[in-house]
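Shared between the two complexes below is chain A, which pairs with chain B and chain C, respectively.
What follows is the complex of A and B.
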């Protein structure tokens, strides 16, 4: 009883003084006093929010078209897998940019912002959402001036050449965007989307896991530990489940 | 002003016998021991309550993005980070995201998401300065600041034993009471009995690694693991389940009660005790000292409402992560902060790390099923660790364990490819598929020895969310350690050649410690133990020389780091501190256990 009241009091106090604090926990938790037993409450687990595809929450239609074209060159469609666009990598990035990742809310974002050594990591003031907004616009502006075209209108070989130039720092993007840094962010997020659990909007039908032979969210391999050098027989499963579970077996 | 604020805004709470700062491995061990002694114990934990069923849920624990990439269970830099630089001439800047190391947060601490490699350091590690001086002469370690710990391997043995049985370590003894045991580590110090559980079942890669190691005259043995090889009931009566080799161990909580942590070995018993309480989501700001600064009278903490509390107590145990212990000492004014220019001061002294390097061997015809794995499932070769080998003709001291411990096949982070592979496009994809199952990796986990200019202090510029200075870390790999690591890479190359794969690559350690790519969360030192109050901050029971009713428990006490994971030694030191408090300190509270 006491504990319950403490929690409620803390919660109310918290809400009234929220401006004093940066909330940084995953799901906001409040100060508690625990004693006498392991605390237990039903339904208190914290599963991931499932991304529902359709529409864009962060990107403008123009930005979305550019990102879809880029992820489709980073992960091209070929005989090994579908491309990054069909796999949902752009949807994944869109949803990530609206959340804690996009706003850097978990990171240390106090100034002063000074240029650092490479060993000191990213020291910029812009968060990923801001870097995408400015970076995508700078790619559009650069290509419009150079080629009179958007990235999506270029031939695949020319798209690849442009991305390779960004990666190598051989293109000067406008608005102070550092091409290798922004390309690195695009690359990192595309790979996350392609290989993360499909619950986050990418890796459609576990395409990357099927490609690699990664069984996904399975939790017990005891029957295969000693089967050295033998292929694992079962298909992957996701946190969301598996399409195989829905197939009626005769 | 500050004084006025304290008087008007701080709530003064009823006294507790003991206040523990941080409820991870060490805090839980000390809380259990001291509540058994009948003391009224309060733990104050900065992060949230966490438990298996709710927070490491088997329905969604296998989420690489959430737990490994976004690091859901870890300390977030917005709460506390550090500034870093490689040498004192540079301006330190904040690690805006953690990278090279990842401190824990919440009940269970980093013990929730560790891999579970559970080592004993050797007598030659504890008496390192004496040993190295005797064996190679003082000149050999002149550019290092290595120090003896003030304990012997034999003194530590019962505490290691206690921790290993609490945690149900799976392994094979190499030396029981001086008698070498077939299949164990022949280089380890004598232990009083075997591990509580047999080694884990080996996957293909470590099995092959052990075969190859033996074929060139080395001595591989199963890595001691806190992942359970079988169902285990620990001395507290708590049952753990057999590991299922799921490959979601490091950076994850175990959904299966198969990895030792405070949650799976202590908390179910501790939480039932009427004389124990934990206050979660409450951050201790500092220890409050009595006038004169010779004893602590309590701690000040703030909860999520922003309310500040003063918690009076007779005994303060700092059981936070080692780096946070060091910062709390600095913010509380306990001891003098180390100054590398004069060599004076003890808090922040001898910050050390781990000097790692890695090898990959690529095959065409093998399938290692990398996703069938556990955090500590593997084989280790200690032939070149510590002082197990003669350094007489060599140009360095120290060494490394060579570990083949493939922990996972999680594909965002684990996609080995041949050197020179592009990072994207069709060629990348083809190489990624080819390399995923057919690559074997192993690494050297090297010692890290103290130098004059690797240290911790307070940053002059950057502040935390409460306006307190961040800690500043000044660190680079010492030349000695780089030479050690290069020698180990040569030895790892000997092994690589013996594998007969189609190709191998060696990733050597270079100077210029980079805070971005993950390396190791084995940060040691800063509040080191020893026998000389001028060179150490705590005595061999981890009791502050300056404020004797404060004990500082964790890897912060290591005078330097060995080529081994620290948790076994951290657990053993926690039991030693508990022994000192229960059997000595409480007879004469407030007095030093060791006379300076």
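What follows is the complex of A and C.
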């Protein structure tokens, strides 16, 4: 009674399978063979849009103040580098939230929405733009009720304590926002802003690359590949260029 | 009976005639290769010789006409004599005067036999109906009769003058270069009337937004550092150890020189290498140090990945910039154009890879292009003059859509 084993080779099935075979064989013979030059056109380029700082495209002023205060605690100004605010991390996040990242336009975003494993990351319905809007509002609401202050008005030590509590899941934010997940999103995006190419709005003056000795947007090291245990001598370069390119008059 | 005999005689003769005729057509087809007719008269992807893309001359636009044997729109009504006179004197069917964008000042040196062979081939090309409005010059230049005066001043019908003191190979090369090959049409500087300046024959000229380099044996700007083999390899494949063809020369290699026979290419090389020119050998003044420092940084951040930190390039893929003839020209037009727009090597059987250089117009400002070119032209033994940002701005403006 196992129907899977009783497929009968009907006349119709036989004909359609022959037809299928013919179609497959014919399409194979249409495989294109390119000859001559590779496709190329003068003046063609597809560079990333260079972020111009100034103004906010996604954040309200209140949200921007909160995000700038948070990124300045995730990357505090110290002996190694400027802080996340000055480096442009909030500008980076603002511009990303207005683009494909913010709207998840390049991801599958239909249901079903089921709780995932920790390794699977966020599995909810909201896109990053919606998560920021709700998440930032819930932080403001929580702190206003607990301390009567905004995040930016707290002392640095208190700010750190609050962020640590978020990360550890010890804060119950309103509107169903899961604090560890939202903190993870903030941390991830702040790091991106700090370490990504300055063309995207953060990493001002290639500050993180200079800190690390990362040479930037280069793609060939033939002249240096055999120089073992020697530091790479050239300063970093961004997609948008380098201050070294300017003629310096003394 | 008589008719039958005549018929039999005809039958006997016809195959011989046909073989002769086929031979003549094949020889004529090779003349079309030497003359690069398709380079102007065939649109990219278009029917052979059915009309080309507009030529932007300093005087206005001229569109290479349909030269297929179509009666309405081509040259189907022309006689061989019309064709011969046009090639020799620039006056075509019905006395129509051609503009010297058609290189009859060079073709005039072709032999009667070669022109006759070429005509035999032209009559076998597939007729294509394609009406071309060739003359798009502004008034009064659009009056073809003006060419009567131009010819009076600048042109005389000529034949190739062989030099008996030189080898047959040299003379063959001279005949191709001065005649069908019409190298001087691009490589010889023009007077204000657009005529070749014979005193500067093949010493490099600017046209259509490109600078056609010096191809005399000049050690600095010309072929002085190239061996005859280098010249042959370049013309045959579009690339050699010194340079990769770009722009209009890439098209000339694709349509014409890569299809020439090896003995002809060798003859061209022998002739070009014999041409002396002593202009332009002065060492350029030492470039400004601050500009050189900026140029070096720009070079290492944008160019060295392919062309190497020392400008040596990588074989046939990335041209060397050391002694490169495009780098060495006094006029930086081609160099600026290649950096701004990018460039692609031509596809030939001998060099099928077609490596390309990306456009850097989006990344480098005019001053930065000028500085990096000044650095390249003043480094590794190169000694070409500095480039100004105005030079770059002019080329960028020309490239703007």
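Please note the rule applied: the second predicted complex is superposed on the first by the 198 of 250 C-alpha atoms of A that agree within 3 Å, B and C clash if a C-alpha of one lies under 4 Å from a C-alpha of the other, contacts with A are read in each partner's own complex, and residues count from 1 in each chain.
Keep in mind that, in the parts below, a residue touches a chain if its C-beta (ideal position, glycine included) is under 8 Å from a C-beta of that chain, and two chains touch if they have at least 3 such contacts.
This one's a predicted model, so the numbers in the text were calculated from it and none came from an experiment.
By the document's definition of touching, of the two partners only chain B reaches A:74; chain C does not. Of the two partner chains, chain B is the only one that A:200 touches; chain C does not reach it. In the superposition on chain A, A:37 contacts both chain B and chain C. In the superposition on chain A, A:222 makes contact with both chain B and chain C. When the two complexes are overlaid on their common chain A, residue A:145 makes contact with neither chain B nor chain C.
In the superposed model, A:100 makes contact with chain B only, not with chain C. Ranking chain B and chain C by residues of chain A touched puts B first. Once chain A of one complex is fitted onto chain A of the other, the partner contacts of A:245 are limited to chain C, with no touch recorded for chain B. In the superposition on chain A, A:45 makes contact with both chain B and chain C. Comparing which residues of chain A touch chain B with which touch chain C, the overlap comprises 36-38, 40, 44-45, 47, 218-220, 222, 239.
Chain contact summary for the complex, chain A toward chain B: residues 9-10, 13-14, 17, 20-22, 24-26, 29-40, 44-48, 73-76, 78, 80-81, 100-101, 104-110, 112, 114, 116-123, 160, 163, 167, 187, 190-192, 195-197, 199-200, 208-209, 211-222, 224-226, 228-232, 239. Residue ranges on chain C touching chain A, taken from their complex, read 290-291, 293-294, 297-298, 300-301, 304-306, 308-310, 340-344, 346-347, 354, 356, 358-359, 361-364, 367-368, 371, 399, 401. Residues of chain A that touch chain C in their complex: 36-38, 40, 42-45, 47, 218-220, 222-223, 234, 237, 239-242, 244-249. Listed in rising order, the residues of chain B touching chain A in the complex are 47-49, 51, 53-55, 57-66, 69-70, 72, 76-79, 81, 84-86, 90-91, 93-97, 99, 201-204, 207, 242, 244-248, 255-256, 267-268, 271-272, 274, 276-282, 303-307, 366-369, 371-372, 409-412, 415, 423-426, 429-430, 432-433, 436-437, 461-463, 465, 512-516.
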